[in-house]
Amino acid sequence: MNILVINPNISLSVTELIHNEARRAALPDTRITMATAPFGVAYIETPGEAAVGAYATLQLLAQQQADHDVAVIAAFGDPGVAAAKELLDIPVVGLTESAVAAAFLLGGRFAIVGISQRIGAWYVQTVEQLGLSSRMTGYRGLKQGFASVGTVQHEAREVLREMCLSCVEQDGADSIILAGAPLAGLAREIADDVPVPLIDGVGSAIRMAEALGRAGYTPRRSGAMSPPPMKAHQGLQDGLASLIGRQP
Amino acid sequence: MNILVINPNISLSVTELIHNEARRAALPDTRITMATAPFGVAYIETPGEAAVGAYATLQLLAQQQADHDVAVIAAFGDPGVAAAKELLDIPVVGLTESAVAAAFLLGGRFAIVGISQRIGAWYVQTVEQLGLSSRMTGYRGLKQGFASVGTVQHEAREVLREMCLSCVEQDGADSIILAGAPLAGLAREIADDVPVPLIDGVGSAIRMAEALGRAGYTPRRSGAMSPPPMKAHQGLQDGLASLIGRQP
Amino acid sequence: MNILVINPNISLSVTELIHNEARRAALPDTRITMATAPFGVAYIETPGEAAVGAYATLQLLAQQQADHDVAVIAAFGDPGVAAAKELLDIPVVGLTESAVAAAFLLGGRFAIVGISQRIGAWYVQTVEQLGLSSRMTGYRGLKQGFASVGTVQHEAREVLREMCLSCVEQDGADSIILAGAPLAGLAREIADDVPVPLIDGVGSAIRMAEALGRAGYTPRRSGAMSPPPMKAHQGLQDGLASLIGRQP
Amino acid sequence: MNILVINPNISLSVTELIHNEARRAALPDTRITMATAPFGVAYIETPGEAAVGAYATLQLLAQQQADHDVAVIAAFGDPGVAAAKELLDIPVVGLTESAVAAAFLLGGRFAIVGISQRIGAWYVQTVEQLGLSSRMTGYRGLKQGFASVGTVQHEAREVLREMCLSCVEQDGADSIILAGAPLAGLAREIADDVPVPLIDGVGSAIRMAEALGRAGYTPRRSGAMSPPPMKAHQGLQDGLASLIGRQP
Amino acid sequence: MNILVINPNISLSVTELIHNEARRAALPDTRITMATAPFGVAYIETPGEAAVGAYATLQLLAQQQADHDVAVIAAFGDPGVAAAKELLDIPVVGLTESAVAAAFLLGGRFAIVGISQRIGAWYVQTVEQLGLSSRMTGYRGLKQGFASVGTVQHEAREVLREMCLSCVEQDGADSIILAGAPLAGLAREIADDVPVPLIDGVGSAIRMAEALGRAGYTPRRSGAMSPPPMKAHQGLQDGLASLIGRQP
Amino acid sequence: MNILVINPNISLSVTELIHNEARRAALPDTRITMATAPFGVAYIETPGEAAVGAYATLQLLAQQQADHDVAVIAAFGDPGVAAAKELLDIPVVGLTESAVAAAFLLGGRFAIVGISQRIGAWYVQTVEQLGLSSRMTGYRGLKQGFASVGTVQHEAREVLREMCLSCVEQDGADSIILAGAPLAGLAREIADDVPVPLIDGVGSAIRMAEALGRAGYTPRRSGAMSPPPMKAHQGLQDGLASLIGRQP
């Protein structure tokens, strides 16, 4: 199985973190192709930045989707994921929805832990739009700054671990999602210190992508998530133009 | 008051429809500036197309917002509206949220009538994300095709009028939103034939923009909708770059 | 445009506060007529008191609505507003729903700040019944008593300002509604001290009333919010009797 | 036990229907006192009419509550019930909430059947405000007119019976509430023709009133439903004045 | 009226507590039959334990229901209640739903107080499944252990009383449910110390059972809660087999 | 990976259907162990029957879980799944939650198609309890009877296919879950005839079980879904007793 993994942020250090964790999570015969957004920000924290990341992501998907079985959009908050599900014939999954699906199957209610205070509102909103707020206990995020998004999980490891414990003890979380590509891999490292399952976004996305890919679902040919109807357009990159303008 | 009105679609004929209705709705001393998306589709019907329209809209806003007091994003479905509220210091309103606010104040429950079947799912989702689904009776859209998005309101006037009556008689609507810039102005023309208030998206947006502009709200300086924190970025147009990268 | 503004409370000092802020908010050619409840309480704090205020309000509206284009019911909690929307042919708006509509258009989530602890439960309930609880962060009210409802905003200004800051910092509010006619005008005075928009109930109601009045909506002639069907009645004041018993 | 039963409508024929069914439902040692609204309409169909009925009800309760253990407000839609719960020291129940509590305990989802189309919107809203919409399948109401509200249950018996069957077969109702005092007693008469339990509003209210009365709950002395704080008032009837102005 | 009361736990001391409170709450001519689960745990705290208790309860009901008019399943959390409503022709009520129905009729929002921290999640879930979470302020449970489930209400009386006060003062509860058969009777003892009504689960269940029993509802003969369709089965106790396999 | 698959029904023909589809869906190195309920019904259609199936399932799991990495409870409606998640240290998934998780990741809204009218209410309730009703368009079930639960998918294949088309065309489904072990494998056979993805419950459960198993989550050691606290019990099978009574 060939999985195309998009980093909607411009950070190559994060692309590498994602790649490492993706490889670790994937089945032996899965092939991972990484792509990094050519424009945008170092790490998306808000809906405004996500709108930029979504467009970069759609362009990358349009250019590189050929010969892939599934695509993963590897930023928590799932920028462009809903749009990509509609535009592409292959399944597309985001980090948030994949981690949330894992938490949903583990049962009970989940918390989300992330790298900044500001980013929490966007994550909460993403879960609301997925329709699963009733199963979320809340968000906890780092209050401190950090030197680099590529190393934040090491810099703040102890604080992140303590936030996980607060999610269990104070908020009643039955599982915890470590949110965002910059935290990829941390779950494995601190799992023994936290008394509920820790869920890694990248790992979940790869395993869920494989699950969907192996199921062999047929593409949608009608309805609200089938390819958009043909219509006049202008100024789009070739790849995106052919997705927008194609016959369903 | 200076209002910047963005058409997130590439259709100049629709820009003209919007402009006419905006002028008719505006206070005498309001100045309207129109801008049309340089890339994208003729009329946005789906979340995939909206992701494209959102990016075009943010670029236009970044380039042209100077010297305006309020901005209106004039496509139903509100592409880019949430992002723009965060990125800009002036109030930004969308057609859907403005029409929905009018329906909310008129009281009871509202229906939405629009120009295609496909577009309905997106509108329903937009109202869900605004948090007001509990006050919506449903969506009804044209089943037939049409020659031009600039003339659809004339081509299908009789069918649209009948759909309005069905919204009242079968769905229990207490008011009806005629959705989408292509229907701008139709509300005035068929109001006498329908026994509940008809709400025009463009007119509502202009009046709500004026109401917000006159209130003189201070821009947000902290919280989840304040300007995003400074961070590294690349490949953005100058205007957008200065919005993304500025100090809150 | 002629706007009839009802104070559902018996306090003439509050009527004056409302009038001042209404005049300040209104367009130059808007005429404001004030009316004060002849019976009831000094300021409505509970659903029980609101039931009394609603009846006084309906009587006043029935007597004085002639020659007005819109009516404003100027007590937070919107006593009698839903009933008045149904009974009158002109649009009627309340303070809560107008302020909430402004917050809705500013985006994100809003807090409400008011003059007593007790009154909060009623405000929360009002927002629930409007269907927008999902966009409210919570209520904060004065714990201390006050000498007079006409001067409470001056007596407690510093505490009110601090409660606003708590709404932002602790509750995550993206805007704040200063609730109740007794706080009319305070928003302008402390706006610079609070990093999110402050929304004045009276000012919002006047601007929203003008927006609805200018739109020229036709009265409802059928459906759940049209005038009630003719039926036997007794013991009603002439004005109210003619509203209850008229032919839709 | 002494139960005060208020008919918020002016119809003496309905007061008699209520009294008969109340007597039939009550325990042998329960004493029923009936009171009929001195002003208002023949039967409340809308929120506007309910605002009038609520005020008449509060006045009657204030005048006549002495020496009663519980009060029943005997109009579906529960006009004034929430206000009365707060103002009185004895438990107060409405027809809607009592019938809904019975349906809730029988399990599954309930339908409501009533005497007019128009009245349905108000009933639906009442159930929403009680917080139990998720357990309601819908409302079905008579489309035809009727000669008298005192005899409508006989005039339209066959149609009402068929509407009950539709509630089961088409809507999936697990029980059916026959709504409104004018249908008091009908449930007993057609129970054998309908394959799910039929719930009578008046009978439910009497039995629930007895259940609350026998439990001997202490009155609320603090919180959002305790008696309102003392404050200035004017123009209220003596009874109501003493409820509004008393010390909690 | 004959009421069959099932204790789904194996604790005979709790059966006695239930019996005492049931007798105290019942009408003079009500006959109470007690039955105790022959297998299971001392007191159910979790959904896992409830699944065991539900099966024991269904077996007891099947064996002993004959000649009873109503059944009460006397463990908070209502194990087996939904299943029993479907399988039996007589009304069946649980402690949670009965106490919640009383709180619902008293008005406003209720808190639940119980004997352990762990048990709270299950109670919260039970109220969610009943559809009334919007009227619950929260759960507070004992943090300390206790010597015996039959005496916990005496051992921890002071702490339970203080938790009740916190429910009012900090959480805004308008009434409080003392949850679980082990607390049966405590409400009467501490009612004077708490400024809102205290609701006893066992007492509520008996009174609600009597209210349903006296109404004489006909059993369901179709729909989602009627007896299950005939089908092949094996290995069931005789009583249960005849309930599962009978003709609706 | 070793997966224990429980059929909570007594039907060996259905166990075989499940086994076949499970083998087809599993990774090459996954080992599947089947177990069939020793008591209960031929196929669970209602919450009452599910309570029986849940107990049989818990007993089987307790007896046979040793040496397995994950367990699948292979009846739609997920009898005993929530209880088993709490009692066992290995992940446990149900057919409904697994199929719903797949639909959730495919995006948009899903329909459920099943083998009887009656069974629909239970499935709808299951999705409600999972918290994902907002993403379900509805249930459609066979109206006709069938000769055998082991062959119903062949007997009624054409009707089932048409119901799928109605889910898309009339209800707006973006994907369809073919519900129930008796329909295992049908999705593959009719996928080409339906223009949206068809989701098989058994296949989804196996793939999701593998995804959870490969993630290597640590068991819960505290919180609402950790093993129940030690307490007195009696009359339980050895396996179940050791789960109920163990130290967390």
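Residue numbering begins at 1 within each chain, and the chains themselves are lettered A, B, C, D, E and F in the order written.
Everything that follows uses one rule, which is that contacts are C-beta pairs under 8 Å (C-beta built on N, C-alpha and C of every residue); 3 or more make two chains touch, one makes a residue touch a chain.
To keep track of the chains, here are their UniProt names: A, B, C, D, E, F = Asp/Glu/hydantoin racemase.
Please read all numbers here as calculations on a predicted model, not as lab measurements.
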Going through C-D, D-E or B-C one by one, find the pair whose contacts repeat those of E-F for over half of the pairs by residue number. C-D
Taking each chain's centre as the mean of its CA atoms, the one lying farthest from the centre of subunit C is chain F
Centre distance in Å when subunit A and subunit F are each reduced to the mean of their C-alpha atoms: 27
Distance between chain centroids, defined by C-alpha means - subunit B, subunit F (Å): 44
Chain centre separation in whole Å, for subunit F relative to subunit C (CA means): 52
Going through subunit D residue by residue, note those that touch at least 2 other chains and give them in order. 82, 86, 108, 121, 172, 224
Counting only contacts in the complex, subunit C reaches subunit B at residues 25, 27, 81-82, 85-86, 91, 93, 97-98, 101-102, 104-109, 130-132, 134-135, 168-169, 172-175, 191-192, 194-200, 203-204, 207-208, 210-212, 214-215, 217-218, 220-226
Residues of subunit F defined as touching subunit E within the complex: 10-11, 38-43, 45-52, 54-55, 58, 80, 82-84, 86-87, 116, 118, 120-122, 129, 224, 228-229, 231-236, 240, 243-244
